[in-house]
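What follows is a group of structures, each given as structure tokens.
You will see two complexes here that share subunit A, one where it goes with subunit B and one where it goes with subunit C.
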Partner chain A sequence: MTVLRRLRRAGGWFAATWLVALVGLAVTAPWLPFVRAADEKVRVGGKLQSRYRLGPGRHALFGVDNSGFDIFARCIHYARNSLLVGVSATVIGLLVGGALGVAAGYFRGWVDRIVSVVIDCILSIPALVLAIVLVSRLDDIRQELPGLGWVTRRWQVVAALSLLAVAPLARIVRAQTLALREREFVLAARSLGATSRRVIATEILPNLVPTMVTVASTGLGLLIAAEGTLAFLGVGLGESWGYLIEANRRRLDKAWWATVFPCLMLFVTVMAFNLLGDRLSRRFDVREVIT
Partner chain B sequence: MRYALQRIGQLLVVFVVVTFAVLVAMRLGAGGHRELARRMLGGNVTDQQVDEAVRRYHLDSNYLVQYLYWLKGFVTFDLGYSSANSMSVAKLLAPRFWTTALLGIYAIAVGLLLAVPAAVIQAHRRDSWIDRLGNVASFIGFGVPAIVLGIFLQLAFSLHWHLFPAIGDSIYPWQQFGAHVRNFLLPTLTLAIPQAAIYTRLLRADMVATLQRDFVVLASAKGMPTRRILWRHALRNSLLSIVTSVGTSLGGLLGGAVVVETLFDLDGIGSQMVISVLSRDLFTVQACVAFVVFIVVVVNLVVDLSYSLIDPRVRMARALA
Partner chain C sequence: MAGTGTAHLRDADDIVLRVEGLVVEFPVGRTGLTVQAVSGISLDVRRGETLGLVGESGCGKSTTGKLLMQLLRPTAGSVRFDGVELTTLSGEALRRARTRMQMIFQDPISSLNPRRTVRDVVLEPLRIWKRGTAAEQSAKVDALLAEVGIDPARAAESRAHQFSGGQCQRISIARSLVLDPTLLICDEPVSALDVSVQAQVINLLEDLKAAHGLTLLFIAHDLAVVKNISDRVAVMYLGKLCEVGDCATLYRAPAHPYTRLLLDSIPIPDPAAPDVPVTADGEPPSPVLPPSGCRFHPRCPAATELCATTEPTMRPVGDDQFVACHHPLVAGLT
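Let's look at the complex of A and B:
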């Protein structure tokens, strides 16, 4: 048992270290001396190293790609997009999903019925299919409607991914709220004359926080994976790990590094969030996890 | 029976709401119905063709009327016209349907083949090293993104060991069986491993609970061989969790199919949907989404209804309710 516990703790520490390091590198990348700019080509002795000439090594940590760009530098710079998109979508998901879930679970009745139907509908479309269609449609709608010039591809991806985050969060929060509202302490608060708003704010919400944080952590991993997948399919951001994978995967035989390192970045980051979610769910004893 | 009708009603509502929302989303934002018709037909079209499309798809009426006509078309397999491929959508998607269907069926089958023995052994030897190994494996299998898994499998199997073609053409089993297996093996594995992880988790938890029940203790006290207890009695009592997990994870499976078909160059519904989205082929995208939702809804209905076939207790409870 102790071995397992030690292993699990090690996993938690590894996840935390990886995420802190990644965020640190991604934020400070423009000022770090050992990270090239994302669009700076690698030259050794004044000679351009294009066409995958340089493998992982001293001059370029993760090798170069077809045009001579530094894969390591790109991985670090593009981490920004993945993290930013993932975190924004999760925050929106928590706010909207939490509000919908609490409203449905606490007030029941027609609110619950409408919210439940909407959640059922969203969940009946495979998440990735929904995201693909949404991002591409937002592309067109942005061009057709005036006044939406400020909406960039990044915010479209955030919008699509937050819709994916809202549905499962709302469902879990609703189920929890349904259980919580029958508990004695809620009854006590209500019999003392507390208003609905007060009961929700002081009795229900604090009890929802552990579940929401846990689900959001695992969900963040899934959303980052989804962001990479969208980019891989050509509907997401161009500056993304997924795009690097797509751009280089046909040359897997010639230059494995250009595909494998972005894959590893995506994999380890997603696993780190999953490990974090796993730790949190044990800590808070949360059983329900998104499947 | 009453329960069945209720569930069918609920799922019908979901299907109608989703397909209606998709239709509105696809057709929203085009200025006027003639412009919409032009966009749906794609390329250079004459005014006459535009008029005909408007009349045929009732684009000049409101969305509800358009939807009802679309629904009528969906039921009769008249799914519209694919502008990018210059053929009817039904004709375009029919062969692609088989690729995706086979891929999905293989993935579920292989997933179950991996998951059931793993879960039974893990539950039997709970907290042993093999149980922990299984837990770690299903944790990784659950979390790994499909693109990463697919690339790693390509790297290991087709480049390193030269076993399978990295890029597969869809060949059906009734054409060349050997080539079919070679082409579908890696895509199937890529889809099956995450599925297996989900099945294993749920089945293991259920089996652990079942093995603590009185009838298991009685059976082993009677001297029944462990193997028989595990595979006959305990597994059969935990079947519900597998059936449930197949139903709930279907969405993820179909989403994964989009990635896998693109990654391994299979011509399926998923890869066609991505291509159509990128080329703004409105009819095809709409048909693909409606189709995928239809499958999810139908499978979930079958799963729900099969509970009462599998478990007499559910049948009784529902009959009494």
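Let's look at the complex of A and C:
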């Protein structure tokens, strides 16, 4: 029991440390002396180290790839895209999914019926298929319609992943709101004359925050994995861990580092978000028992 | 039993709340059936009076409380409060009208938002209605908290889960009084509390009633609790009223077999006391398919064929005692 608990606590700390370090490195990468630029080729003694010549070591932490780029530097720089896309999609998911879920759960009636049908529809389509179709459709739309030049690949991926994030969040928030609206403190607020807007803002939303934070944290991991998958399949971003895996995997026998390290980055980051979500859910469950 | 009728309603000037023919139906899943949780309740409460509403679990007491507050909207019937018909109001008008009527709930801890300090919770009504300056609001809240026996300084920094159930119920009471209501609906306010704390909270309610000129509607499943606090008692069974009457009369000489059963079920704290024979057994029937005629007849020791076919209506059986029964337990009336 205590061993389990200690492991769990260690997991939480590991997750927090990893994520802080990753975000810190990714944000400050251009100014860090030990991180090369993403498109700077590795030279040792003036000699270009291309064709996977350099394994993990002193000159390049994670080795080099076919063109002589530094895998470590690319992993750090590309973390920006993974994190940015994941966080943007999660924020949009929280805002849109949260609003839909609260509206459906609090007002019920026809609002609930429409929202529920839409959620069920989205969830019934395989997520990855939906994302791939969306990204390629958005590509076409961008070319056909003028004035959409700003909708770069990055925002297309964000849009596709947001849609994936909205549905589960809306569903969970709706269920929680349904339960909360029957709680006595909500009834009390209503009988004291609070408007619906006030009841939602002061009584319902604060009690939804723990659930939303927990679900968002686990969901962030999933979205980053999905982003990697899209990149791996060639419909995502070129500057992504998933793309590194795809570009180097054919030489796995000769240069394992070029594939394994991006895989590890993706794996550990997704796991860290999951551990964090797990830790948060436990923490908030404890509070629920007390209250 | 299970009577409808309005013979027990009074015709006085100081009626604060008058409820007539209150009905609420809920759909049962997708079966197309409905359940009448409350099925034709009529009540009235005079200013300064305490009306006890009793009945076993599931008979619709709490639903009645919520219907009065319009937290649930009734399917039919009227609720007149302070001369205003509440059932036809909505939106702003309803919000305004029901501030003078407040409710206390059974679960004291769930009654308070776990994410806010207790003082904030009590202050909230004044903020909603923007009554007075911030200083006046603070003064009023602190005074009320002190009156119910909660330290205002502690309330400012603590949340609901840091208080005991009894303290939470006191805080709920303070919140319900902040807007100076005339009527307080207490929905089993002490059922979730320890017996020793129950008495304290009931005494507090009595004191506050006198100090603030309140009228109480006290909902409970426990006749012993109701006896001490009520002026008048109404007994409910399966969504209908059985008996209404003056508290002392009803306890001394119950006219309805169901009231009698409830009174006989009060445990006597004396091991030498003789066992009281149970006069009805079984569970109450489902309100989805209620029994014909008098809803109590399948369990009633006095039931006859008439009870199975015809629903009794309220009729007087004495000074301020009304019963909906074909065979009331009163000499000369059967």
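Just so it is clear, the second predicted complex is superposed on the first by the 285 of 291 C-alpha atoms of A that agree within 3 Å, B and C clash if a C-alpha of one lies under 4 Å from a C-alpha of the other, contacts with A are read in each partner's own complex, and residues count from 1 in each chain.
Just so it is clear, contacts are C-beta pairs under 8 Å (C-beta built on N, C-alpha and C of every residue); 3 or more make two chains touch, one makes a residue touch a chain.
None of the values given here were measured: they were computed from a predicted structure.
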Clash-or-fit label for the pair subunit B, subunit C on subunit A: fit
Contacts of A:S124 with subunit B and subunit C, given as first, second, both or neither: first
Partner chain(s) touched by A:A194 [first = subunit B, second = subunit C, both, neither]: second
First (subunit B), second (subunit C), both or neither touched by A:L230: neither
Contacts of A:V157 with subunit B and subunit C, given as first, second, both or neither: neither
Contacts of A:A73 with subunit B and subunit C, given as first, second, both or neither: neither
Subunit B versus subunit C as contact partner of A:L22, first or second or both or neither: neither
Partner chain in contact with A:L244 - subunit B first, subunit C second, else both or neither: neither
Partner, of subunit C and subunit B, that touches more residues belonging to subunit A: B
Subunit B versus subunit C - smallest C-alpha distance in the overlay, whole Å: 5
Where subunit A meets both subunit C and subunit B, residue numbers: 291
Parts of subunit B lying in touch with subunit A, wherever the complex brings them together: 10, 13-15, 17-18, 21-22, 25-26, 28-31, 127, 132, 139-140, 142-148, 151-152, 154-155, 159, 166, 198, 245, 248-249, 251-252, 254-256, 258-259, 262-263, 273-274, 277-278, 280, 285, 288-289, 292-293, 296-297, 300
Complex contacts: residues of subunit A adjacent to subunit C: 183-185, 187-195, 198, 202-203, 206-207, 209, 287, 290-291
List of subunit A residues in touch with subunit B within their complex: 1, 4, 117, 120-121, 123-129, 132-134, 136-137, 140-141, 144-145, 221, 225, 228-229, 232-235, 242, 245, 249, 252-253, 256, 259-260, 263-264, 266-267, 270-271, 274, 278, 291
Complex contact set, residues of subunit C against subunit A: 66, 69, 71, 95-96, 98-99, 101-103, 105-107, 109-116, 121, 124-125, 128-129, 159-161, 172, 175-176, 179
